[in-house]
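Sharing a structure here in structure tokens format.
Chains: A, B, C and D, in written order; residue numbering restarts at 1 for each.
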Amino acid sequence: MSIWEKLTSIPREVIMGLVVIAILIPALNPLGLPLMVGSMSENWYDTVDSLPAGSIVLFDIGYGSGGYPSLGPGNIAAFHQMFAKNLRIVMMATALEGSMMYPLIMAGVKPESNYGAVYGEDYIFLGYIAGGQTAMAGVLGDLKSLVSSDYNGNPISGYSIMDNVGGADDIDLVAYMTTSGDTAEGWVYQAYSQYNRALLGGCLSMMTTSIKPYYDSGQLLGIMDGIKGAADLEFLTGHPGDAIVSSDILSFTQTLVLIFILVGNVAFWMQKGGGK
Amino acid sequence: MVSLDPQVWIAAFLTIAATSYAFRDNRVFKLAENTFIGVAAGHQIVMGVKNIRDYGWSHLAQGEMIYIVVFLLGVLLYARYSKEYYWLYRYPIAFLVGNGVGISIRAGIHSDFIVQIAQTATPLVASDAMGTINNIITFVGVITALSHFIFTYESVHQGTLGWGPKIGRWMILLALGASFGNTVMTRFGMYQGRVVFLLREWLQII
Amino acid sequence: MDYRRDIPLAITFIVGVIAVLDYYTTFESVTNTFTVIKNWGVVLQAFALGLGAVNLFRIHGKRISERTRDDWMFSGWLLLMLVLFVVVGLGTGQYDASTSYQWIYNSLFLPLGATMYSSLAFYMAYGSYKVLRARNFEAALLFITAVLVIIGNTPIFPATFPVFFHIREWIFGPIVSGAYRGIRIGVGIGAVVLGIRTLVGLETGYLGRR
Amino acid sequence: MAILTPNRLVPLAAFILAWVATYMAIQMGKQGKIKIRRMPALDAIEEIVGRSVEMGRPVFDIIGMGTFTDIYATQTIAGLSILSYVSTLCARLGAKLYAPQASVDVLPVATEIVRESYRLEGKEDEIDIAEQMPYLSGTQFAWASGIIGMAARMRPAGNIMIGPFWAESMMFAESFDRIGAMQIGGTARMYQIPFFAALCDYVLIGEEMFAAGAYVSGDPQQIGSIAAQDWYKLAALALGIIGALLATAGVTIIGDLLSM
């Protein structure tokens, strides 16, 4: 077996083992590299920053355990900015596990101790609403005809934040974070096309290319581009967290992937070119 | 000092079990897989019942008797399992499909078609040279990618015109490469979160 | 008029047309009617959430009773996990807001959901090594931008050579915007035309058996 | 009070025209006036089924986890057309087909289609629906693991994945490649197209999948709607090109018209 054949047939377990090592080294001793903020994240930040205090934001926790490692830190950073700006956040979840993310995100943000925010006045969580786009259109169309109690089961009429939130006209900004294409496109259809609301979208970075046409045409004002966008938001809001920590691990693991691609292709071509 | 919280220990065990599949299929992974299937279906029921309570029963309790019809339609979804009355399940499914398709395509023609054409029908020349070059590349990308998806006019794919779809396929492949690259970051960005959990909350060494 | 097929098709058509009218007209009555339809849709979707579990009980229940395959104990464990979540979730009466439900979610569902999804990183690494080849011209095109974007996403490179950051931003400019807008226009009209066929009853796969 | 919602006249016109175009195109389809060009990936389907017969190994046809009520119902329908074509080929050539299912409301339709294909080929006894078309799971990764487990056991010679796919597409493409299966990937879910393009032998990009579904099914409805979509794409091309040139010359009539 020539050197090139060996190089194209490194056993799976060795490849996997190298990946584990490439994660552990930076995790155990971080490098703390500088961060270059992308334009899409900057637009997300500026859009929220331009809102006057007291504005109502409808935020959809549209992800679950599958998106938590990368969208969780981004969600925390986004909420830090919104609470710091004294915006009023009406949270909902179109993802089945979205309501399970809520306590984890709140533990990361701690709005009461950090910003003196009061549940029911500064923010409220309506919980999971089934139906995907039907839920979005239901909340934006006539919220009170659909929703009567919040996540904890208490009537929303008892909370001052909901006094004048009846539908899209009372909402100044819609923002979502999701791992699902249905949700990413669904909010463009229901929030922007139907009610012309300002809209921000956070998604896994693999989804960014396909929702970029909405950003180019102004239907999305900003995009949080996965863990990279989350790190940008953590940096811009001055709340470093897990996303920035991940940058070092991404440096090592993706350098390893580049080496694999190089080795795989060089060996492939050498074999093909008679280097047997 | 290793964590003493049983919740962290169970989560750590399942994290390792779920990762083990990447190395080799094994019975510990099968346990994790079946746990995953079971808890996911259980969670669906819990959230389903809560939603039925919050968005259905609450209306009934306020005297909106029409919701009895909605509950009946909901139950009919389960008629699909009966040999004789399976067709009854078509009534709720027909309602959901009409609602789902209608709510989506009514806006799809607007934001996925009309708005995108309007965005293309914009000036190619920008204030600076680089801006103009970028506009032209974007414009060529849209037009040739679109021509690649013409299926019933063979003439579009032949002769000089045929260069359109050919270049279109190349532009699409370049864009797909960018998406592939971003997906590498997505996966590693997620898995590092699990390793940080194992090191920070389980073994507590970082 | 076959009440087994024609009435459901009529329901799909009527509900779909009301959804479209709600978007394109300003009639108060249409908007109110569609609000009712949306509110009903949420409840029906909630009912549909139980279908998966019923199917699992049928399949895994059969496996346990017949002990056909050697892994029937896994089926037993699966149903046990399902029942555990249902009992804790419904038993507390607080559903997902109850701390004991959150405890079993954070112990069982969160680590599995987060790891299953992310363990794809290993497939990515192996796939990049074994399969991502610049075998021909077309594959080379995808290969070039993939590598340049990975470099741009690897913080150590843009931090030392900022040009890599700008190359990535540029690729996500004209290259991605142009091609993906073309793809999205095509997919958009494709979904609309097929959606129309569904509403008018030409596409009836969803009705199931003849 | 305007009856029509402002700034949506053109989308409304486009939407109504789409109903008319679809109806007209289907009539032309019925009269055989429309021909869809043949995609190379379709020749590959026959190559794969033939290969699996020669190697005496099964062929997988996976239509994805879509349902009839989600935004991707259209892709599930195209996947079912391909499944019908593949199962007919398998019945005719004697290849063993595996088509595991993930969606409770698609399962009865898919099994009906395969049973119909085998019945038309007079080979109804050669298909064991329960064993060859099992319901694995409605949950993404349990579904993916189920498929990969089946593939590891069955060692298929070919794998056809046409329908809506999510993150599991990467796991499938890599795992089936490891077993040495020849693969066709096709989806209109944009996030997953890169994997099929990078890792499969043939790829149907975006709506080539709908065209393939129409081509193999020969169904005038599907062929007609492909034609209606082409008319709209040609209109988009014309408006885009003319609009951009006029706008460059300072005349923004097309852009203004579209946002009426």
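Following the convention adopted for this analysis, a residue touches a chain if its C-beta (ideal position, glycine included) is under 8 Å from a C-beta of that chain, and two chains touch if they have at least 3 such contacts.
Quick caveat: nothing in here was measured; it's all calculated off a predicted structure.
Asker: Count the C-beta contact pairs for C-D and for B-C, then tell me which is higher.
Answerer: B-C
Asker: With centres defined from CA atoms, tell me which chain sits nearest the overall protein centre.
Answerer: If we average C-alpha coordinates per chain, B lands closest to the whole-structure average.
Asker: Between subunit B and subunit D, tell me the centre distance in angstrom, where each centre is the average of that chain's C-alpha atoms.
Answerer: 16
Asker: Can you compute the centre-to-centre distance for subunit B and subunit C, using the mean CA position of each chain? Integer Å is fine.
Answerer: 4
Asker: With centres defined as the mean C-alpha position, give me the subunit A-subunit D separation in Å.
Answerer: Going by mean C-alpha positions, subunit A sits 29 Å from subunit D.
Asker: Check each residue of subunit B and list the ones that touch at least two other chains.
Answerer: Those would be 21-22, 34, 36-37, 40-41, 43-44, 47-48, 50-51, 55, 80, 86, 93, 96-97, 99-101, 103-113, 115-120, 139, 142-143, 146, 148-149, 169, 172-173, 175-180, 182-185, 187-188, 190-191, 193-194.
Asker: Could you check subunit D for residues that touch two or more other chains and list them?
Answerer: 8, 11, 15, 18, 68-71, 73, 104-105, 108, 137-141, 145, 167, 170, 178, 190-191, 194-195, 197-198, 205-207, 232-233, 236 - these are the residues of subunit D that touch more than one other chain.
Asker: Among the residues of subunit A, pick out those that touch two or more other chains and give their numbers.
Answerer: Within subunit A, the residues that touch at least two other chains are 12, 16, 66-69, 96-97, 99-100, 127-130, 132-134, 137, 146, 153, 185-186, 194, 204-206, 208-210, 213, 216, 228, 250, 253-254, 257.
Asker: Classify the inter-chain contact topology: is it line, ring, star, complete, or other?
Answerer: Complete.
Asker: Per the contact definition, I'd like the list of subunit B residues that touch subunit C in the complex.
Answerer: 6-7, 10-12, 14-15, 18-19, 21-22, 30-32, 34-52, 55-56, 59, 67, 70-71, 73-75, 77-78, 80-81, 86-87, 89-109, 111-113, 116-117, 119-120, 133-135, 137-146, 148-149, 168-185, 187-188, 190-191, 193-194, 197
Asker: Contact residues on subunit D for subunit B in the complex?
Answerer: Contact set of subunit D toward subunit B: 8, 10-11, 14-15, 18, 34-37, 68-71, 73, 104-105, 108, 137-139, 141-142, 145-146, 148-149, 152, 170, 190-191, 193-195, 197-198, 205-208, 211, 223, 226-227, 230, 232-234, 236-237, 239-248, 250, 252, 254-255, 258-259.
Asker: Residues of subunit B touching subunit A in their complex?
Answerer: It comes out as residues 22-24, 43-44, 47-48, 50-51, 54-55, 58, 62, 99-100, 103-104, 107-108, 110-112, 115-116, 118-119, 175, 178-179, 182-186, 188-196, 199, 205-206.
Asker: Over in the complex, which subunit A residues touch subunit C? Could you list them?
Answerer: 8, 10, 12, 15-16, 18-19, 31, 33-36, 38-39, 64-69, 96-97, 99-100, 103-104, 127-132, 134-135, 137-138, 141-142, 145-146, 151-153, 179, 194, 205, 208-210, 212-213, 216, 228, 247-248, 250-251, 253-258, 260-261, 263-265, 268
Asker: Give every residue of subunit A touching subunit B within the complex, in rising order.
Answerer: By the definition above, subunit A touches subunit B via 12-13, 16, 20, 23-24, 27-28, 66-70, 72, 96-97, 99-100, 127-130, 132-134, 137, 146-149, 153, 185-186, 188-190, 192-194, 204-206, 208-210, 213-214, 216-217, 219, 225-228, 242, 245-246, 249-250, 253-254, 257.
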